[in-house]
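Both complexes shown next keep chain A, but they swap its partner, so chain B is in the first and chain C is in the second.
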Partner chain A sequence: MNKTINQKAWFFVVPVFVLVAFNAAIPLMTVVNYSFQETFGNNVFAWEGTRWFKQILLSERFHDALGRQIAFTFIILLIQIPLGIGIALTMPKKGWGVPVCLILMSMPLLIPWNVVGAMWNIFALPDIGFLGYSLNAIGFDFNFTQQPGDAWFTTILMDVWHWTSLVVLLSYAGLNSIQPAYYQAAEIDGASRWATFRYIELPKMKKVLTLAILLRFMDSFMIYTEPFVLTGGGPGNATAFLSIDLVKMALGQFDLGPAAAMSLIYFFIVLLVCWVFYSLMMKNEVKS
Partner chain B sequence: MSLELKNVEKKVGIETHIYPTNIKLEKNTINVLLGSTLAGKTTLMQIMAGLDKPTSGEIWFNGENVTGKQVQKRNVSMVYQQFINYPSFTVYENIASPLKITGVNSDEIKERVGKVAELLKLSAMLDKKPDELSGGQQQRTALARALVKDSDLILLDEPLANLDFKLREELREELPKLFEDRECIVVYATTEPSDALMIGGNTATILEGKIIQYGKTLDVYNRPENLTSAKVFSDPPMNIAEISKSGDTCKLIDNSVQWKSNVKIKDGNYKIGIRPHNITTYKEGNNTVEINGKVLISELSGSESLIHFTNGNLNWVSLSNGIQQKNIGENTKLFMNVDEFLYFDENNRLVNHG
Partner chain C sequence: MAKITLNNLSHSYVSNYTDADLVLRDVNIDWKDGGAYALLGPSGCGKTTLLNIISGLIKPSKGDILFDDKNVTSLNPVERDIAQIFQFPVIYDTMSVYENLAFPLKNRNLSDTEIDSKVREIAEMLELTSTLGNRASGLTADGKQKISLGRGLVRSDVNVIMFDEPLTVIDPHLKWILRSKLKELHQKINRTMIYVTHDQTEALTFADQVVVMHEGQIVQTGTPVELFEKPKHTFVGHFIGSPGMNILPCQIKNGQINFAGQEIQSNSNIKKNNFQKTQLGIRPEFINFSDKGIPVKIKRVSNTGRHKIIDTECSGGTIKILSNASKDIPSGSAYINFDQKYTYVYGDDWIIE
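Moving on, here comes the complex of A and B:
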């Protein structure tokens, strides 16, 4: 077969190329640029090599922020995934209840992040907020602006409220794609409810759950707006997760070099975890 | 052992899915439920299994009223059109699963699974997961799961419908042998008359939630009680025409075809049903009559030729052996096998045969 050479075809590629360059490659390269240099403003740069990377990787501040971040992500995944599956299992499969449930479930997802933060801030205020006031009224000494434990509790509760729906909707879609014949087969075998869940529903939901865990991991690992509005990272640094700490460093202290290095390390952690997790989950799929 | 439905009726909302039905299935029989999609075959099977409760009526099994008895407590198994296996289990674990739940000891499980796997040609695949198998093998696994537990009632709901032609032919031939020396009642639902003929046993023709006729498969085929049953049990669809008879002469109402017949029925008007394979491009049988037609469509199906043609106001279908090329619009001559005509009276009941 003879190939005709048509150089004009390149013009069709150019728009995508430019788009990707502007929204991904160029900003990323700027960060890479900053991460190896020191700047004092006025466009004066000095080469620093890997100094900022070493500094960040060895700094206690980064370790603490990373630790808090991992703990936070771990806790919310541990709550949201089982809770999401659980809610999806109890949702009706037909009738008027379906749209009602779906709309109710979608609501939190439609609210902008900063509004969620502001809502929960007011909701949890110990003197006027419904949650904070009620908790104090029944005898808990609750004050999320001053006590780290309470701040964590509120942040986690907020995230669970905001994002469990996503897991619910994905799981619900996964459950609905299971043919009724599977349930009948299990019924004929006399399989228990648990066995039906464990050996039919869970394996059939594997793909959507992988997706749900990945999405929730990425989102929670990069969480910024909601805790920023809710606690501002406080009290002290109690809820200063990676993003919050990063912004403090970059904009608060104007340490552009270390902040850039931290951004890159942060980026690679997210990438690495996603890759490892995805390859593990999909290991068996590739085989078949 | 017998399964009996007594006046079983199923309504969902205001819709009736099954009209009051009586049927008795005997021990060691294969019973085909033959009817088109949505005729109620699946509903009927689910009621038989106890997966679904009838709105009214009773189900008796072995002289015991099992209406409303939970399916787990009835010794039944079912195979579906979709290949239903536990996705995370290997083939071995899948086949063993019904036995494990009932607490059979592991040596016996091993033996029984091995036996069934061999019967269904799965021995080499016992360590694989269902999604590593072809559709045919997945369905074999599902069949093995149904066979392994010595059920009293085995329900097969269009088990071959999702298989491609070759696998389907292969499995269809094996099926009747699988049940040969088993103490059970087999119910097999299908939309295809050829499946029923191949499987033999008994057949119930079903239309729109009603059992039209139940009996030995060949009897139902050769002597359909009425026109509806004949229509259900004919693919390609049966040719139906109105005729008048006087003396030993019969003719189509439009006088286009005339033949001698020795059927012992009164003179008058009747309907005849002619199966497509009784209209051929060559003479078949001792007693044939010519019909002229204008070809509408001519198509090949395997080694058979389907010719759709018009004669008078009616469209006809003929099915001949071999490759018979006809051009669209061509005027052609075909032969009808008079001995195979089915005669129906004004109430659409079969009055005589041949």
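Moving on, here comes the complex of A and C:
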């Protein structure tokens, strides 16, 4: 086949190119620009090289925030993925229960993030919130505004409440696409409930679970609004995750250079983890 | 191994069913131990439901299932010790071929040495030995279907092996190979096998006894020859054979059959005529051209290579005739005769003998 050579066709790409440039490339390049320079306002810039990157990478503050972020993401993945699969497994497959469950499950996903934060803030307040008051009433010394452990507990509970549904819905879709013959064959082969889950349901859910883990990783690693409204990163810096710390640095202290360097490092961590995870999951796929 | 008896089996998928909801009505079957049987019928005739009832995946609304005179109606598939091969290959994707074959034995807590010898024996039989270490998901469709079959064969306690249209996803040229493999296996292991299909060639080549189903009922059980030569129901007549039986409306008066203004001799013994509709059944194979008889017009002759199929028309309707490809076919108008031995009368679709 002969390829037609028509350089004018490049013009068709121009609108997309301009769009992408203005909404992604140029803002990103601005950040890159800031990350190598010092600014004192009035558009005065001074070249700093890799100083900000070194400073961020070596700073204890960044290490702490990153540590908190990793711990948070790890904990919520550890809770939400098994819990989501578990709920999906117990959901009805037919009848009136299906729409009821699906609607109930979708509800938390439809609530705006800052509303979720405000809701849980009030819900968990030790003096007037239902959760906080009840916990204190039955003898727990619960106060998420002052005790770091309680703040973590509330933040994680909120995220589990808000996002487990996503894992449930994805798992449920994956489970529903399994042909009944697989279950029948497993029954005939004498497989236990666990073996049926391990050798049929889990492998068949692999693709949707990969997606669920990726989405939950990205969202939780970049979480900002909900903890900002709930705890504001406190008490102290106890729940100051990467994004909260970043905003503090950029807008609170107006340290644009270090904040830009931190943004880029943050961005590359997310990108790297997603890429590694996805390639690992898909490597087996190609083999088979 | 077991003989299988089904007593007055009826089934409906709704719990408060009326007669119209029944997908199976009054099925009675007596199958010998070690036989090869086929359930044949079009889609939606209830054959898969019947198979799932025998395997225990579905509980029948009414009736009993007996394995060797033991009532198993309330037992689950594991307790019944059956094996089933499904329409598309069911394999455990994450396991190797070996692990797939070993899986049913592992679940039954056999020792590793026992499992190993059994798996290797069956793999040899199915020509899977060279792929034992491969991941099962990488095999072709026929290889995967062999694994499904193998998982049924490794168990020595299996009462009956059931096939639910197992060749649906297999390439045509491999169908023949796999089908003869099945037949060979049946002779070798001598277990009761039940084969569900809508393909008459598959049913007739595999089974000693074919059960033809139509709208939830068994319309005839018999050897392939019986089904061909003496269909008990008009459905069997046109479902089996290619082209199917000619079913022609006829009148019965004073014990005489009248078709297209002619008196026809048949193999049916008509004593009374209390039917709403009476029909004449004659297979295209058993119609000959003659000097006199029923006058027909030849409409079309198609040559299939081995046969000629002739579409003709007479005052009683259209009649298909099958004749040897080497024979000359008259053109325009002709006369035909029905072979009396293979001509039957059907009253309300059931044969009059």
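Here is the rule we go by: the second predicted complex is superposed on the first by the 279 of 288 C-alpha atoms of A that agree within 3 Å, B and C clash if a C-alpha of one lies under 4 Å from a C-alpha of the other, contacts with A are read in each partner's own complex, and residues count from 1 in each chain.
Basically, a residue touches a chain if its C-beta (ideal position, glycine included) is under 8 Å from a C-beta of that chain, and two chains touch if they have at least 3 such contacts.
It should be emphasised that the depicted structure is a prediction, and the values quoted were computed from it without experimental measurement.
For the composite obtained by overlaying on chain A, chain B and chain C cannot both be accommodated without a clash.
By the document's definition of touching, both partners, chain B and chain C, reach A:Pro203. Once the two complexes are laid over each other on the shared chain, residue contacts for A:Pro15 go to neither chain B nor chain C. In the superposition on chain A, A:Gly49 makes contact with neither chain B nor chain C. Shared-chain residue A:Pro99: touches no atom of chain B or chain C. Of the two partner chains placed by superposition, chain B and chain C are both touched by A:Ala191. Note: residues 179, 181-182, 184-185, 187-191, 199-200, 203-204, 287-288 of chain A belong to the chain B contact set and to the chain C contact set alike, using the contact criterion stated above. By the touch rule above, chain A contacts chain B in their complex via residues 179, 181-182, 184-185, 187-191, 199-200, 202-204, 287-288. By the touch rule above, chain C contacts chain A in their complex via residues 52, 55, 57, 76-78, 82-84, 86-88, 90, 92-95, 103-104, 107-108, 135, 137-138, 148, 151-152.
Of all residues in chain B, those touching chain A in their complex are 46, 49, 51, 71-72, 76-78, 80-82, 84, 86-89, 97-98, 101-102, 129, 131-132.
Chain contact summary for the complex, chain A toward chain C: residues 179, 181-182, 184-185, 187-192, 195, 199-200, 203-204, 287-288.
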